[in-house]
Structure formats: structure tokens, C-alpha cells
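The following pair of complexes shares a single chain, chain A, combined with chain B in the former and chain C in the latter.
Let's turn to the complex of A and B:
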């Protein structure tokens, strides 16, 4: 007993207990649900069998039924459009802003930091604000589009199936741009300035310096940021709940919202778990890319 | 002289960019102050002609915001407490050792960090209902948020501990301090700033959390402010001034905290995400 105690106070026992407790907590509350999720996707789960662990196994029936549903492929296509457009918008605008704020002028870093308020706001608040901005008849976005002559009439961002997904994408780009910008700024400031001085002496113009110095030096940062963008975009749920609820008629539904809808609106927990499992595979692939591009730091 | 002119020009352009980017936030504040008919005016006014300051008290009263905000605070403080008690020690050990086990632990933690809440809620809901945890819905949400956000906290705090020189602790051990004492008296105080900033970030996330609360808390009197806002926004609502007033009350404390702590929040955030 005394040996255990002194090992706790003075040896590795203290360190091991410091790390074992949280890891146990995480494995119980994240690891177990993950396994349980996979298990449920192979089971028949209804409101009667919800309370028991021993539910009838149905093999791949949930997966087969899922892909027989007419809305499945359009929703996965929406997910792809949402992910690609959101990341492209966030990254390109974020990169542009980061490059602009990289030039030194008074107040640059403080103003740049101010952008991040979009990212610390609750998702539901962002969704509420954009719901109002995107509103069909009285939204300020439609007013600006009409006044500038880009559109003739009002675009019904939230209720027109052709535009509903794009309304959410717009809000999500606004939400995530600042985070991309801040991380890209960190990457930019790590590039040694003498590289640019040398290139300027050699007569390279701005575009050549960007292409031959900035982009190659930023490669691992860009990889990590794009992977993080994918991870965050696949986590986006609040904006859908606040702006369109996935509607009308699933036109703005994406897999991560649909999985919740199947479980908590239609009480089809097996289907919800099935969609979750499919999406988690994608998320894990993305995070492997992320870990790989930051690994040199992890292993430092 | 030319140089300062160029700097002034850049600053002006930067201010324009910032104004455009923050316009949605401005629109929230302005809409909240407009009257019920002024919000539907065309063209929309950029400034409320007749600011309705009483709307904040009305919305606070009518939408029961006191109760909602209280629940958000309970959930956020609970999650921060669980995460900082469990996560700090974990981050410390992961910062102090370099071996295969630490790599495995870090990899595991990074993997658990990325699982989307809306995908994990199905097994969490079913599992929690089976073990009876749903009878304490706010506790259930606190535990779910803790499991979701702890990896992020560990990654951030680990970098804070890595900047504390190990020699200081060794010196403490030589002076006769115990291992536990060295952790509490030397490492912890020196990493305090990083820990506090990470805890604030976690608090902000938990204060606005939606998916878990929406799915695990059925009783209205236990729901947080994010759900209150969501139920305020019915499908055919036209009370946009009220909704924006609600959003203003909800988000302003977060914005104030962020602007005050901007520098340390950003440096904490960026050191964890890329390094």
C-alpha cells in the first residue's frame, strides 16, 4: 500500500493516473458510442427494442434499404456540393484576406482578429441572422441584389428548392472564412522574409513570388487547413436547423442533418446510425490527412 | 511620406473589408431596435429611425430568457469543469513524455475530436436512455459536450505545457518537492494563461451548443438559450425584431469577452490547431 502511495506521489503512478482517467472517460463516452453506432447500423432498431441491447441482427438490410430510398443519392450529392463550395469559398476568401492583412499597416493584426467574432458566435445565432438576411420579401440581401441590378426579382433563398442549399452555403462561408483566414495568416507569418528580398533582387514580380515562394512554403499549412475545413464543414448542423431545416423537400438536406432527422424526427434509429457510420468513415479519412499534415509537429 | 500615405490607404481598405464582413452582426443590432413595421420597410433603413429600446426587456420577459440563459450557463460551466479537471492532467502528461504510447494517445485524441456531434448523437441518445441518464438531461448534455470538446482542450493545453521548461520542475524535485507538488506548484501556475484561454474557448462553444441539447433535453424548463432561439424562429415568423433582440442578448456577452481577450484567444487557438 505504501509502495503504491509513494509511486503516486513521486513516480510514474501520478502521471499514469493523470492520463488514464480522462482516456477512460473519452473511451466510454466517445469510443463506446462509436462502436455502438456501427452495431446499431446492423440491427433492427425500433421504439420497442430501443431499451434492450439484444436486438435482432439484420445484416446489411439497413444499408440496402437506405440506398433504395429515392432521396438518398440527392442528399449525398447535396453534401458533396455543400462541402466543396463551402471549403472553396471559405478558403479562397480567407486566403485573399490573409494576404491583404499580411502587409504591414497600423492596426492590421487587431482588425484581423476582429473577423473571428463570426467563429465564436453560437451557430444558432449565426443561423438566425442569416435567416433574416436571406428572407425572401424583406431580406437585405435581396435588396442589395436588386439595387445592384444582379437580379430582377426576389430570390427565395429559404423556400426555393433551387436556392435553399446555396443560402446555407452562403451563411457557412461567412461563418468559416475568418477561421481559415486566421490560420492562413499564421502560416504566412512563418515564411522568412529574406526569401522575398532575394527574389525581388532577382527581379521576380509579385505573381512569381506568390507562386514560387508563398504557395510552396504554405503547402503543409494549406493541407492542414483544407482538412480542418472538411472536418468543420461536415460538423455543420446548426445553420441547417436555423435556416432551412433541410427543406423544402430535402433540397437543402445534407447527410449530417439527415442522420439526425432520421433518428429524432422519424424515430428510425437504425437508419440514423447507418448514415452516421457512412459519414464517420469520411470524417476519419479527412482527419488522417489532417494528422499527417501536422505530424511533424506532433512528433516533435 | 509616401510610405505613411500607403499605410493609411491600406488601413482604410481594411476598415471597409471589416465593415462588410461584420455587416450581418450590425444588421442584427439594428433590426432588433426597429419597430415591427419598420423592419419590413423598403428600402430597408440602415439606421433605426425610432429605436425601440424596450424590446430587450419585452423579449427577456416574454420568451423566458432568464431561464434559458441560466440553463446555458449551467451546461457551459458544467462542461468546462469536467473538461478542465480531466483534461489538464492529460495534456500535461502528453506534453512531458515523448514515446510511442504518447503518439498513440495523441492520435486517438485527434480522432475523437473530429467526430461530428450530429452523427454521434444517435448512439449517445440510445445508450444514455438505456442506462437511465436521460432522467438528468442537463448532466447528460454536460457529459456529451465534455466528451466532444475535451480533445480540443487537451491539444490546446498541451502546447501551453510544452512552453513550460521541464528544468524548472526538475529543480523543484531537487529541492525536495514531490512529483505531485511539482505539478501543482510549478507546472500548473506557469501554464495557467493557456489553460484559462482554452477553458474560455470551451465555455463559448458549450454556451452556444445546440445538437445535444436539442436531442437529449425534452423538458422546456431545462433547455438552454440555443433551443429557446430555435423555437422562437417558427416556420412563418415575422417577429424578426424580437428574434434579433433575443440573439443580441444571447451573443453580446460572448462578443464582449472575445473582443477583450482577442489577442490571447487567437494565439491560443492558432498554436493548437497548426502546431
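Let's turn to the complex of A and C:
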């Protein structure tokens, strides 16, 4: 008895209870809904059977029907374009800015803090602002492009199927860049400065220092930020709701917005769940990358 | 705790009875809950506050639910046995509930009622409350769409401001004359957005040409969609029509960036306040002289959930709400869905003239559906509109595809 008690004060029991608490929390609030979602994708879900747990099983019917719809592949292709372009844009600009502020000119840390404003703004507000910026007739972006002579007429960012997805990507890059920058800045400041001094003495130029010191030292930071970026872009919903609603003609529709549309606009909850399950697979892959790239940080 | 609660209650009653307020409060009071999207200036909360002042022994509690959540919340509440007693539901979604027995069949109660008389309602709104010939609700208010036009711009471009376009050809012609890219003016503003608004705006055009949602790929409907395409392709309307809702589209009319706009009476108050020009409202132009008129029909219906524990009391509350229909015009700027309520002047001449046109247009308003799977039918129509207007399909192909999808839904 005393042994068990003391193990709770200091020992295995204490460790287990520490782990058990968040684990229970995680399982009830994330695990159960996840399982429920997967279950729903194999069931025939009806508006009025929403409250019940056991509904008729239909096997893979929801999946088969989903992939028989003509819009499915274009929407998944859009999702891929959206994720890859957003992450590439956010990461490259974010890394550039992080390197820029790393030079530590007067006011650098202050300016870097200001950049975070974009990240703390609610997505719907960002979406509403970009919706004005991208507006075809009186949008600020069109005004800038026209006045600077880059385009002749107005580009209908929201309504032209060739541009609508890119309009949202543009907004999303602006939205996520500062987060990338902050995380990468943290990674950069962790690199010991004597490495650079030694390399400089050996005559390495700026590019060589970047390629042989900065990049390898940043590997885990970069892996983490790319994995987080994938998760965040796959979560991005507000911008679509505020700027294009996935239109015109699904040209800017992506899986996450479509899942919501299926469930809560057309009340086809099973299909909505099916799209979500497909997305879960990709998010799990990203999480594995994230966990692997941050693992040796813990060991250190 | 319990004793304390009763003491407070008793104290409150003693106090209140001095003011003669506690007389009607009996132990078996029924509490009726009402859900709607109406905010403070709209009918539901005001009518309910007035009803509670009558002290009939029935207490009504009101909950405002945002439009986007209303159906989802109601479905969830119903499937877990926590539905409100009364709800104001958007008319195309009425059949979804009625067909599944979620709404109480009011047919027998209405037959006995001295307040609710089905024959006084406009046919469109009434049809949206019915399912298989039975009454599952009562129209709350109604609205429809018509053509707003800027009389000053008509004069400036040599068009007769007292003779707005009557036919589709005249409308296209007027839009061409009124479009002035140099002055940032489009000929016409409407909404082809990929949500219910797009369907709401397009169906009247198809219906005027003899089509219906069950039969959407007729020659007339193809012609209607072609005319919409003309508006977009010739830049007589902004390409953003495809992603802009009715409210944002009409805002461009108010600011003088569109010479005509297709929208509903909900815009009147804003237009009176914002538009710095002379404007009027005309019936929606028809395909050709003498063709059938049509329009869409919006707004909400009252219904009682079948799960209510107090159906009689809920019906009494419903009767009270209906008895206040005459206040719709003046107090809330809405159109009552009834033909027996005389038009009440609002004192604003432009608004009064417009309301009269909307009342005329209402006679031709048709409900969307009623069909329990309306959102899917609507989605097929929206996709056809967008596919055609973006040039990814011809109007014929797009509507053929929509017809095929709708056929699957209709079974």
C-alpha cells in the first residue's frame, strides 16, 4: 500500500497518471470523434438518424459514389495545388524574412513581432479583407496591377475559373507566412555562431555557409514547419468561405470546404465524412513526418 | 435550495400581484419555445414580447438562431428530442421536415381555427407549407424578386424612365445601352452565386419560359441561361456576379455602378437610405409579350414540431402570430403572405410604389420545391448556371447534366 502510494508521489505511478490525464482527454475529444467520423463514412446516414450511433452499414458504397461524381478528381487536384503552392509560398517567403531579420539590424525584433499580426487575425476577417482586395471591379490588387502597367484590364480573381484558386492561395500565403517566419527564426537563433566564425576563417562564402551550415542545422525545424504547414493548409476553411465559396463551378473548391458543403449544405453527412476520412489519411502522413522530425529534439 | 427558490418565487409573486401581473401565472403554465433567425428589429422577438405581455398563461421563450445554423441546429435538436415547439424555417427547407413527420400536421386544427384561413394566402407561400395535401405550417411572411432600375440613368441614355423593359430582348437591349465601362457602370446586377441565391434568381427565368425544376432542360430554360451568359460575356454585368450574393450585387446598384438590379423588397430600406438617384421597380421581364409571368418566392414559414408536449398551446401562440400579420408592412418592412391585408402606406413614396410592384409580382411567385431533398436539386441547378457562365459547357449541356442529376434525386 505504502509502495503504491509512494510510487504516485515519486515514481512510475506518478508518471503514468501524468500521461493518463492528457491521454484520456485526447482520446475522448479527438479520438472518439475521429472514430465516429470513420464509422459514419461506412454507414448510410440520414438527416434524422444523426442522433443514433448504429446505422445501416453500406460498406464502401459512399466511397464508390463519391469517386463516381465528376467533380471529385478536380477537387482533389485543387486541394493538391492549394496545399503545395501555399506551403511553398509561405515557406520560401517566411524563410527569406527569417534570414532577413536574423541579420539583426536596429528594430529587427520589433518589426518581426509586427509581422505576427497577420497570424493572430481571425481567418474570416482575413478572408473578408482579401475578398475586397481581390474584387474584380474595384479591387485594390487590380488597381495596383493596372496602374503599374502589369495588366491591361481587370482580372476577376474571384470569378474567373482560371484565377479563383490562385486568389485564395495568395491570401493564404499572406496569412501563413508570418507563422513560418517565427518558427524558422527560432531555429536560426539556435545555431551556434562559432560555426559561422570557423567557416568564415576557412574562407567559405555566404552561399556555402548557408548550404553547409544553416540548412543542415535547420533540418528538424524545416521538417516540422512543412508538416505543420500541411496540416494548417488542409485545415484552411475560412478563406474559402469568405472569398470564393469554392466557386465558380468548383474551380476553387478543395476537399476541406467540400466536406463541409456536403455535410451542412446538402445534408449528405455520409459523403462529408467520407471526404474527411480521405483527408485524415494525408494528415496522418504529415503527422508522421512532424513527429519524426521533432523526435531527436526531445532526445537532445 | 428548493425552499429558497420557492421563497423567492413567492416573494416575486406577492410583489407582482400588487401590480396585477401574477394573476394569470398558474402552476400548470406551459412554456413554448420559439426559434427563428429574426433579430431585434424583426417580427419574431417583438411579437413574442407582445404576446407575453398578454399573460394568457402560456409563456413563450424566444431563441435567435443564425440563418446558417438554423436547419442544422433544428435537426440535431429534433433527433435528440430537444426540438423547440415552434420554428420559423426557410420555405424551401419546410418539406424536408414535413415529409419526415418532424412537423405537426395542422390540417384539422386549421380547419377549426377562426384565425388561420388557408384561402387568404398567396398560392406560392401556402404551397411551400404543404406536403401531400396536408398543412404542416403557415407562411410567416414572403418576398419575391423584381427589377430595380435607375431612372436617372435611363433618362441619360435616352430610355423612357416610365417604360422599363418588358421582355427579355428589351432587357438585354437596355442593358447594352446602359453599360458604360468608362463610367464604371454595368447595365445590370444580379446574382449567379453557387448557393441558394443563384437558384433563387435563375428559377423565375426558367419558369417564365415554361420550364420547372422537374424539367429544367427545356428550350426556354436554355434560352434563359443563354441570356444570362450574354450579360456576362458582353460585360453587361460584372463577372463577379458568379461569386457575389444578391446583397453585394444590389449594393453596386445603390452606389450607381449598375443601372438595373434584380433583387427583392428586403433591399428597400437600404436603397431609400443609400441611393442618391431616382429609381423604380418593374415586374421581371418576360420571354416575349404576353408570356407567362413568374418569380421566385422567399422568406420563412412557421411550423410546430411534432415532438411538442403542448400542441394546443403552441397552436394558440401560432394563431397569435398570424393575427399580427397586418403589422408586417409598417413595423417590419416585410410583405405578409396574405391577399386580405390591405396595403399600408409607409409614408416613403419610392418605397410605397416599389412595394406595390412587389405585391403584384407575388401573384406569380412560385415556391422552390416543395421537395425534401431540395438542397440537392438546387445544387444541380447552381452547377449548371456556373458551368455555363464560365464557358466550361454550353447552356444546353449544362442544363442536360442538371436534369440528369435532378432525375436521380426525384427517383
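By definition in this document, the second predicted complex is superposed on the first by the 268 of 300 C-alpha atoms of A that agree within 3 Å, B and C clash if a C-alpha of one lies under 4 Å from a C-alpha of the other, contacts with A are read in each partner's own complex, and residues count from 1 in each chain.
Keep in mind that, in the parts below, a contact is a pair of C-beta atoms (placed from the backbone, for glycine too) under 8 Å apart; a residue touches a chain by one contact, two chains touch by 3 or more.
Not measured: the values here are computed from a predicted model.
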Mind checking the superposed model to see whether chain B and chain C fit together on chain A or clash? clash
In the superposed arrangement, which partner chain does A:264 touch: chain B (first), chain C (second), both, or neither? both
Please indicate which partner A:251 is in contact with in the superposed arrangement: first for chain B, second for chain C, both, or neither. second
Of the two partner chains, chain B (first) and chain C (second), which one does A:280 touch, if any: first, second, both, or neither? first
Looking at A:15, would you say it contacts chain B, chain C, both, or neither? Reply first, second, both or neither. first
Regarding the shared-chain residue A:50, is it in contact with chain B (first), chain C (second), both, or neither? both
Answer with first, second, both or neither: which of chain B and chain C does A:161 touch in the superposed model? second
Could you look at A:40 and tell me whether it touches chain B, chain C, both or neither (first, second, both, neither)? first
For chain A, which side has the bigger count of touched residues, chain B or chain C? B
Touch test for A:135: chain B only (first), chain C only (second), both, or neither? both
Between chain B and chain C, whom does A:72 touch in the aligned arrangement: first, second, both, or neither? neither
Let me check the overlay on chain A: which residues of chain A are in contact with chain B and also with chain C? 50-52, 135, 137-138, 245, 264
Spell out the part of chain A that touches chain B in their complex, as residue ranges. 8-11, 14-16, 18-19, 21-23, 25-26, 29-34, 36-37, 40, 45, 50-53, 97, 100-101, 103-108, 110-111, 113-118, 120-126, 128-133, 135, 137-138, 140, 143, 147, 174, 177-178, 182-183, 186-187, 221, 224-225, 228, 231, 234-235, 237-238, 241-242, 245, 256-257, 259-260, 263-264, 269, 272-273, 275-276, 279-280, 283-284, 286-287, 290-291, 294, 297-299
Considering only the defined contacts, which chain A positions touch chain C in the complex? 47-52, 135-138, 156, 158-161, 164, 244-251, 264-268
Complex contacts: residues of chain C adjacent to chain A: 71-72, 75-76, 78-80, 96, 100, 102, 184, 193-195, 238-244, 252, 257, 375-376, 379, 383, 386-387, 389-390, 392
In their complex, what parts of chain B are in touch with chain A? 6-8, 10-11, 13-15, 17-18, 21-22, 24-25, 27-28, 31, 39-40, 42-44, 86-87, 89-90, 92-94, 96-97, 103, 105-127, 129-130, 143-144, 146-148, 150-151, 154, 178-180, 183, 201, 204, 207-211, 214-215, 225-226, 229-230, 233, 235, 240, 243-244, 246-247, 250-251, 254-255, 258-259, 262-263, 265-266, 269-270, 273-275
